[in-house]
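One chain, chain A, links the two complexes that follow: it is found with chain B in the first and with chain C in the second.
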Partner chain A sequence: MSVLGWRALLVFALLAALPLVPGMSRYYLLLAFDALLFGAIAMSLDLLMGYTGLVSFGHAAFYGLGAYATAILMERGVQSVWACVGFAVVVVGLYALVVSYFATARRGIYFALLTLIFAEVVYTFFRYTQTFGGSDGIQGLPDATVLPGLVIDTPTRKYYLVLAYLLIAYAICRVVVASHFGRVLVAIRENEDRARFLGYNVPRYKMGACMISALLTGVGGAIYPMRSAFATPDLMLWTESGEFIISVMIGGLGTLVGPIIGGAFFTILRDKVSSIVDWYFIVIGGVLIVIVLFMPRGLLGLRRIFSRRAAA
Partner chain B sequence: MILEVDAVSKRFGALTALNRVGFAVDEGQIFSVIGPNGAGKSTLFNVVSGLFAPDAGRVRFRGVDITGLPPERVNRLGLAKTFQITNIFPEISVLDNVRVAAQSRTPESGRLASLWRRPDVDGVACALLETFGLGARRDAHARDLSHGEQRYLEICVALATDPRLLLLDEPTAGMTPGETRDATALVRKVVLERGLTLLLIEHDMSVVMGISDRVAVLHFGEKIADGTPEAIRSDPRVIEAYLGGGDD
Partner chain C sequence: MDYVLTVLLPQLLHGLVFGAALGLLALGLTVIFGLLGVMNFAHGELYMLGAYAGIAVIGVAHSFWVALIAAPILVGLVAAVTEMTTLRPIYRREPLYGLILTFGLALVFREGARQIWGGDMRRVLPPFTGSTPLLGMTYPNYRLFLLAASSLILFALWLFFTRTRAGVVVRAAVQDAEMLDGLGVDVRRVFTLTFAASGALAALAGLLLAPIFTVYPQMGVEMILLAFIVVILGGMGSMGGSVVAAFIIGVAQSLFSLWMNPQRVAIAIFGIMIVVLIVRPRGLFGREGVLE
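Presenting the complex of A and B:
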């Protein structure tokens, strides 16, 4: 637990107490689920964007493949959370191995384009073939079970499932960025040519970062149908990848915590605004433009402004 | 013999940057390559360090044929290089610059355990920074250092990979004559203390004459002379290249 620090543990303790808040409704618990899931995936993407300096436009494919892995097993009567997550790790891992091998052989915009193209191929397959339900995807899934008799059937249990995922994913990311490997990722972001002259096989490190980021995202995807009871091809649409990127940006690149806040903020903003007006994306777009223009360090950057004012 | 460059040629389109250049560096020597701008010095370093594969010829380092090996492999064999244009990690601290270089030689490097272990290389890194007078600046961002400090950091980063052979590409570029003198003396001291072999590129002939055991002169991609500093100074072809045909 020492990797997390007392502040992170305090935040997780407060999040764990959320279902106990008086008047907490089913709706708010499921919104909290979505917010934390989106935040966790933005954090996973931050390993690539913020630490390694690689922008992936294809994270929706890792997410969607994870969701389909769960849906496919559940459709066949397997309800174990562990089996679904394990299957998602295998499926997403194999796919990510191929994508990251080819994408990391190229730099800059080519990396972004290759991740996008691979993801579009996966989307097209799930959307336009009937193998896994076509545009309807796989619907009407049963509840998942953690242990025999422990069924994830209430919003509170679903919320704790995503909280456990976020905690584990966050701990993994913290350990990785503080490690030998994490230092090399930052060196690659800063100056990849120089990193080669220090004896580092840069494509291999980039591939490692891609794999960790993809697997964490895939596990997040595997959890999603346990809340929604479906997996559809829309989860893999490129706009989904775009929303992950936006979440990282508005939260603060290279901070892990920032993207969690960014993802949660984005999810809640979208939910609130869309319940008021149909053209909600214009409102969200305006808010995002303001954040990007006036808060280059993202929402987490506000912390500095406040601490500076407090000091002055 | 630690490094042997044998009839190396490198062309970029119609330009022949190196034409059958060959020389040998002995263990523990300070060997300098000089020549006017555009003589092919940096290209030679880039071929030796693995950035470019030569079109012809071989490079052998500590008995291993390294011709065409990529920079990360060459570095792991014990060859580190600095760059003519400062090439560091700008947005991280000075200490982190040296740490990431030093940890490249720890047992975790390249292994799965590197994902969760953080090797403690602070001792080595801080000692290097102290040697080059950067100890007090270790928490500053590398981009905030002065030009001269960045040149020293560049050398620290290369030395942190614990090389046997150090290639310095115009380490004193952009320094005043006074700074150049101090830097040259410091580099010489460190190289002797660590028992390193030094291959040095210099543009300014006066810098190398005092410290080199041996000097090779490049001119328009060809080696025109190779010998002791005294022999080079009186070589008519060298005088001609610097005073006549060269651009400075």
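Presenting the complex of A and C:
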């Protein structure tokens, strides 16, 4: 637990108390589910973007594949959370192995575009394969079970499922970032050539970062149908990958916590604005532009500015 | 022989027509990539705005030809203003920010178009109809015009880049903007004008293709992926490479669709790109050290 620190534990304790808030409606619990799931995936992406310096435009494929892994098993009567998550890890792992092998051989924009193109292949495959429901995807899935008799059927239970996932994913990311492996990743981000001259096998490290990020994202995808009861090809659309990137940027690159906040902020913003106006994409695009122009460090960077003022 | 004349040849021409228009789109993209080090995600939206601006102008002036002049100018202006207000402040930052910024711009443009013109499909009537007998088959006049016009513009651009001082300046900016700045050229103006011109080219492609395709707010999203593939296939920063790759992709897509259903075509195109990147990591005409 020491990897988390007391502040993180406190935040998780507060989050765990959320369903106890009087008047907590079903709607807000499910919104909280989406917010935390999106935040966790943005955090997984941050491992790649913020720490290794690789921008993946294909994370939607890891996410969507995880969701389809769950949906395919559930459609065939397997309802165990463990089986679904395990299957997702295998499927996403195999796919991520291929993508990361080819994509990490290249830098910068090539990496972004290779991940994008690979993801489009997966999207196109599911979009047009009737076995998996084509453009409708797989709908009407049953509730998942954690243990025999313990069914994830209420919003509160769904919320605790995603909270457990976030906690584990956050702990893994913290361990990775604090490890020697994590420090090599930062070295690669800062100066790839120098890291290579120091004798590190740079492509292997990049591949490792890519795999961890992809698997965490895939598990997040595997959890999504346990709340929504469906998986559709739209989960894999490249604009979805773009929304993950947006979340990381909103929160603050290379901070882990920032992207969680960014993902949650993005989800809530989208939900709230879209219930008021139907041109919410203009608002989201506008927020993104403002953040790039005026607060490149994201929401967490804002905190740094305020604390500096307080100190002065 | 019959198969060649009635099936293969028309499809090959379709591919060339599409490839030429795709070349217009990809050329602007690759030049902007050279200048900013950023894949302009909003490029597809400028293409889309070109088609809508064309529809708007046709509504007022009732002439496709007026629209063909006015729409690229209008979109070029939009691009220039966009460049000055949003891209200029972040030139010195990491390319990542430009990527994210243009993604945000794309969202705003796409949704803006949907709000102004609605989400449903629109059609633009070709300015002339009929077809011409050609090599033993008949081929629609408008498509022939499209091929001729696009090729002519590409040729004019080639002359511009190789024979005029302004063209050399743009190429110099692609190569090393800082050095150009040191030589006393107003690089900021070069950037703005180039961005505007690339937007105008995208708009031109959008309006030229509108009578063949349909016009809708999402139309840029599908094209931009294809344009990205063209730019990578041709080699980042290589303008000639982009044009050659545009024709290759146009013809490949057109011929593949004879034997495959659409999703297989898409996967085959993605497959070509992945194989090329593995065999020739810098694309067909990319040189070592360009933007790496």
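Points worth noting:
Basically, the second predicted complex is superposed on the first by the 312 of 312 C-alpha atoms of A that agree within 3 Å, B and C clash if a C-alpha of one lies under 4 Å from a C-alpha of the other, contacts with A are read in each partner's own complex, and residues count from 1 in each chain.
Convention: contacts are C-beta pairs under 8 Å (C-beta built on N, C-alpha and C of every residue); 3 or more make two chains touch, one makes a residue touch a chain.
Quantities reported herein were computed from a predicted structural model and do not represent experimental measurements.
Touch criterion met: A:Ile289 reaches chain C, while chain B stays clear of it. When the two complexes are overlaid, the chain among chain B and chain C that reaches more residues of chain A is C. Look at A:Trp238: by the touch rule set out above, it reaches chain C but stays clear of chain B. In the superposed pair of complexes, A:Arg196 makes contact with chain B only, with no contact to chain C.
In the superposition on chain A, contact of A:Leu300 is made with neither chain B nor chain C. By the touch criterion stated above, A:Leu215 is placed in contact with neither chain B nor chain C.
In the superposed pair of complexes, A:Phe125 makes contact with chain C only, with no contact to chain B. By the document's definition of touching, of the two partners only chain B reaches A:Phe181; chain C does not. When both complexes are overlaid on chain A, the residue A:Gly108 reaches chain C alone and has no touch with chain B.
Residues common to the contacts of chain A with chain B and with chain C across the two structures: none. Residues 33, 37, 39, 41, 86, 89-90, 93, 95-97, 99-101, 103-108, 110-112, 114-115, 221, 225, 228-229, 232, 236, 261-263, 266-267, 270-271, 273-274, 277-278, 281, 291-292 of chain C are the ones that touch chain A when the two sit in their complex. Chain contact summary for the complex, chain A toward chain C: residues 49, 55, 102, 105-110, 112-114, 116-118, 120-121, 124-125, 127-128, 238-239, 242, 245-246, 249, 279-282, 284-289, 292-293, 296.
Contact residues of chain A toward chain B in the complex are 175-176, 178-181, 183-184, 186-187, 190-191, 193-202, 208, 212. Against chain A, in their complex, chain B makes its touches with residues 49, 70-72, 75-76, 80-81, 83, 87-92, 96, 99-101, 103-106, 108-110, 114-119, 157-158, 160-161.
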